[in-house]
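In what follows, structures are represented as C-alpha cells.
Both complexes shown next keep subunit A, but they swap its partner, so subunit B is in the first and subunit C is in the second.
Up next is the complex of A and B:
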C-alpha cells in the first residue's frame, strides 16, 4: 500500500485557519439560537432548546421579507448584468490589444482599481441623484460599473488562455463575432463567470456604504442597512442581532455552494492537441 | 466543388520592420485536386492557406474560388471547411454538437443535420463517440472529429493546416492513407499544408514547394522527385535527402567529367548539350545524387563504370530491409542506401557505383538545376 505523505506544517496552518473562521461562526449560531437568559449563563455552551422567537422577532423588526427582497433584487441584477457586460468588455479588449484604443482602455480600467472609493463617494452620489438614479436601479448600475476594473482584469487573464483557433474554427463554421462570443467564448469563461459572480454577489449583498449614501427611501433599504438601524436601537439584545445576521448570511452560503462547483479548472481541456 | 485560383498573391505585414510572408503566389488548383503546400517553418505555406480561408487578409493579388473573387468575402461565406493543426474542437460541446455546429448556424433542418453528422461519423468510424466531449477522446479520435466537422459541411474545398503533426508516427501513417481515401470518396478539392515531405509525396496530386514566401516548384510528386528545379527542392524532397557534392565540370575531347576531391565521374553524353548551354563547363557545380542511386554490388560497377569511386565509411545504419552508409568523399558527406546483405563495417573503404543517368547538376551560384 502506498503511504500518503502529509505536509504536517500546512495541515496545522489549515487547522488553525479553520478554527479562526469556524469559531466566530459557531458563536454567531449559538448566540442566535439562545434565549437572553441562557446567553447570560454561558456564552459558548449549547442551549437546551432552540429559542425560535429570536428569529421571529428579528424578522418582524427588520421587515425581513421586504428587505431581503430589496437585497435580492439588487444582488441578482448586479451579478447577472456584471457577468454579461463585463465579460463582453473584457473580450473586446483582450482580442484588440494591438489597437492603442483598447490598450488604453485596459490600462484605464486597471488604474481605476487603485482609486479609493471614499474619494469619489460624494461626487458620485450627487451625480446619481442629479440624473434621478439615487435608488436601487442606480445602485445596480454602480455595482456593474465599479466592478469593471477588477473584473476586466480577471477576465482578460483567462481569455488569453482560450486558443484563438477555436474562434477561427467557429468563424469558418459560419459564426459571426456575436455568435462566437455567446456560443463559444462565454461558455468557456465558466470558471471566471463563477468567480466574478461570487465576488459581486458578496459585495452587493454585504455592502453597507454604497446603499447608505445612495438609498433615501426606507422601502428600498437592504439587509445591512436595516441591521445597522436595528443594531443601534437594540444594541443590548445580542440574540436578536445575531439571529438577524444569521438569516442574512445563509443566502450567501447557498450562493457560494452553488457557484463554486463551476470554478473548476480544465474547462478548455480537449480543445486543442 | 470548385477550382481555387490564386493570382499574384502577396502577404505583407506592415510595421516598422515590414515583413513579406508570401511573395507573388500564383497557382490554379483544379476541381477535385489534392494539392499539398510543403516547406520548412516560416515558408509562408500556412499563411497562404489562411488567406484562402479568409483568416488572413490578402495584401495584393486575387483569390478566386469557383468563378467568384473572394478577397473581401468573409470566411463563413467562402464555402470552405478548415481542419486546424491543433483540431480546435469546441471543448464544451459533445462530438455531435461539434460536428453539427456549422450546420446549425446555417439553419439546416434538424433531420438533415442528424443525417449528415451520422453519415460523417460512420465514414470516420466515430459513431460510438458522438455523445462524448473532446476531453474524453484520444489525439487520433479528436483528429477524426475535426475532419468530421469539416465533412458535414460538404464544402467546395477542404483546407487542412498540418492536421497530422500532433499525432504519433504510427497514427500519422494510418491517418495519411485515410485522408487520401477520404479525398477519393468525397471528390472535393483538398488543399493541405505540411512540413513533412513524406506526407506531401504520398498524398498530393500536385505539390507546391515553398521557401521564404516564394514558390519554388509546382509539380506532381514524381516530377518533383525526379526533376527538382533547384538545390532547395532537391534537398527538401526525399528521405533520406539527396547528397550534394561540390566540384567542377571538366571537358576534354568528347568526354565530360565531374571532378571533386577523390571523385571523378563520367557524365553521360546526353547531358553535354544542356551543360554547355548553361555555360557550366569549367565552373563550380553541385552534383546531386539520391542515396538509392549509389550501389556497392559488383554488377553495378560493370553497369556504371563511369560512376565508380571509393570512400571511407563513417557510420553504418541498419534499417532491417536496407542499410545506410554515411561516408566521407574527399571531405564531403555522402549517404548511400544499399541492400542489407552487405557486410560493410565502419572504417572500411568501399567501392561504389553511381547510376550516372540519375544524377542532378546545379549551378553553384544560382542553385538552379542544369537540366
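Up next is the complex of A and C:
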C-alpha cells in the first residue's frame, strides 16, 4: 500500500503551534532592536532601523563580556570534567556489578535522583561558604558531583552493550585497567559522552537556582543570574531589558541551530536509557 | 591478594566520587534533617525542640497554601504538557512537509533559560496581551493576568510552552518504535484513527507515557524559576511554590531550621508521589 498523501490536518496544527512557539522569540527581537519611542508607536512592527544603543547599554550595564565569560567558564569545565570523571566512575561500577560494594554505589547515586534540591540547599550554602567554595569553582564541582546520579545511570546502560571480549584481549596483552579505560572504553563511549555533555551544558548554562544561592560575588554572576539581579535597572526600559535577554539567549540558540540534530538525539538518548 | 590488586584501579576510580558525593550531597541532606529538630537559625547554640517545627508546619497557612498551589500547578501542567506533546508528536510523526524544520522549532524552547523565558512572558502578559485586548475591546483580557487570581494560569502557560519540547521528543521516539505494518493491518480491518490511537498507538507507547508523567510531575513539583520571573510569589502569597518558600524564608527570612523541616516533609512528599505514580502507571502498562 503506497500512501504519498500528506496529512494536512497535522500540518495546519503544527503551523499554528509553531507560530505560538516563535511569537515570543519574534517579539523579543523586535523589542530589543527598537527605541522606546518606536515601541510606543508599534509593538510588533519591524522598525525602520536597528536601535543599537540598547545593546551597547545592555553590554555595559550587565558587563556582558565578563558575564558571558563566567557562564562559559562554568559550563565548559562542568562539561569536560563531568565527561572525564563520570564515565570513569560508571565504567568501574559497570564492570563490578557482581560485587555488593559497587552495586551499593550504583543504588546510592541512583537514589539521589529522587532527592529534590531544596532539601540540601540551605545547609549546602552554609557548608560551601565555610570552606570558601561559594564561588564559580564550587559551582563547577557541584555540577560534576551532582551529575553523577543521572550520568552513571546513563553510562552504565550503554556500557552493557560494549562486549567484554575487547577488554579481555587487551588485559591478556598486559594492558592495565587505566589503559583499557582511556584507550579502549572511553573512545567507544563517544555517543554517550555527547549526550552527557549536551545535557550538562544545557543545565549549567541555563541554571538559575544553584548560581543564585551559591555565588556571593557579583563579578562571578552567570547570564541568567545577571538578568535577575538587574531587573530593577531595566524596569523602566523594556528595550534595554530585551536587548539583554536576547544576548543572553543567543549563544545557546546559535549552538542549537548548528548542532540541532546532535542535541535532539542526545537528549532523546539520555531520557530513554 | 591478586584479587585486591586487580580491583585496586576500580577502587581508585570510584572512591573519590563516593566521598565527594557524600560530602556535597548526602551530608547537607543529613544536616538539614538534623537541624529540622532544632530551633537553630544560623547563629548561637543549637537547641533541640523535637517535632515542634513539624507541628508548626501543619498549622502554618503560608506553608499549607504553598503545597496546595504547588500540587494544583503540577497536576494541571503535567496533564496539559502531556496532552500537548502527545498531539505534537503524533502530528510530527505523520506524513507532513518540512518535518525536520518543525521538529527543530518545537524543540527550541528546551535550550532556553527558563528564567529568561519567564521574563519575556512577563512582558507579554503585562503589556502585549492587555494592549491587544484593548484594541480588540476584549475587556476580560485588558488586565495583567499575573496580577489577578488567575496568575497561576499564566505560570502554567509558560511552563507548558517550554516543557512540551522535551516530552514531545520522548513521545516521538516512542512513536518511531512502532512498525508501519501494525497500522496497515488495522487499516485493512477498517479501524478509525481514533480507535487506532487508543487500541494500538497508545498501548505501544505506554512506557513513554510513564516516563513522561513521572519526569514532568517531578519537574513541576519543584517549580521555582518561572515563579521568580513571573509573579515573585504574588499577588500576595497566591503563587508561592514550596521551593520558593524554602528559598525565601529559609535563606532570607531567618527560618533556617523551620524551613529545613519543611524540606524534609517536601522530600517525603516527592518520593511518595514518584513511587505511587510508577506503581499505578506500570500496572496500567501491564493491563494493555
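Quick notes on this one:
The rule is short, and it goes like this: the second predicted complex is superposed on the first by the 229 of 273 C-alpha atoms of A that agree within 3 Å, B and C clash if a C-alpha of one lies under 4 Å from a C-alpha of the other, contacts with A are read in each partner's own complex, and residues count from 1 in each chain.
Here, contacts are C-beta pairs under 8 Å (C-beta built on N, C-alpha and C of every residue); 3 or more make two chains touch, one makes a residue touch a chain.
Here the structure is a predicted model, which is why all the values come from computation and not from measurement.
In the superposition on chain A, A:163 makes contact with subunit B only, not with subunit C. Judged by the touch definition given at the top, the superposed model places A:13 against subunit C, while subunit B stays out of reach. Of the two partner chains, neither subunit B nor subunit C is touched by A:48.
Using the contact criterion defined above for the overlaid structures, shared-chain residue A:176 touches subunit B and also reaches subunit C.
Within the superposed three-chain model, A:22 lies in touch with subunit C and out of touch with subunit B [touch as defined at top].
In the overlay built on the shared chain, the residue A:89 is in contact with subunit C alone; subunit B does not reach it. In the superposed model, more residues of subunit A are touched by C than by the other of subunit B and subunit C. Residues common to the contacts of subunit A with subunit B and with subunit C across the two structures: 176, 267-268, 271-272. Across the interface of their complex, subunit C is touched by residues 1, 3-7, 10-11, 13-14, 17-18, 20-22, 24-25, 27-28, 31, 43, 85-86, 88-89, 91-93, 95-96, 99, 102, 105, 108-109, 112, 114-127, 141-142, 145-146, 148-149, 176-178, 181, 202, 205-206, 208-209, 212-213, 223-224, 227-228, 231, 238, 241-242, 245, 248-249, 252-253, 255-257, 260, 263-264, 267-268, 271-272 of subunit A.
Contact residues of subunit B toward subunit A in the complex are 53-55, 74-76, 80-82, 84-92, 101-102, 105-106, 133-137, 139, 142, 149, 153, 166. Those residues of subunit C that touch subunit A in the complex are listed here as 7, 9-11, 13-14, 17-18, 20-21, 24-29, 31-32, 35, 42, 87-88, 90-92, 94-97, 102-117, 119-121, 123-124, 127-128, 131-132, 161, 166, 169-170, 172-173, 184, 187, 211, 215, 221-222, 224-225, 228-229, 242-243, 246-247, 250-251, 256, 259-260, 263-264, 266-267, 270-271, 274. Of all residues in subunit A, only 163, 165-166, 168-176, 179, 183-184, 187-188, 190, 266-273 touch subunit B in the complex they form.
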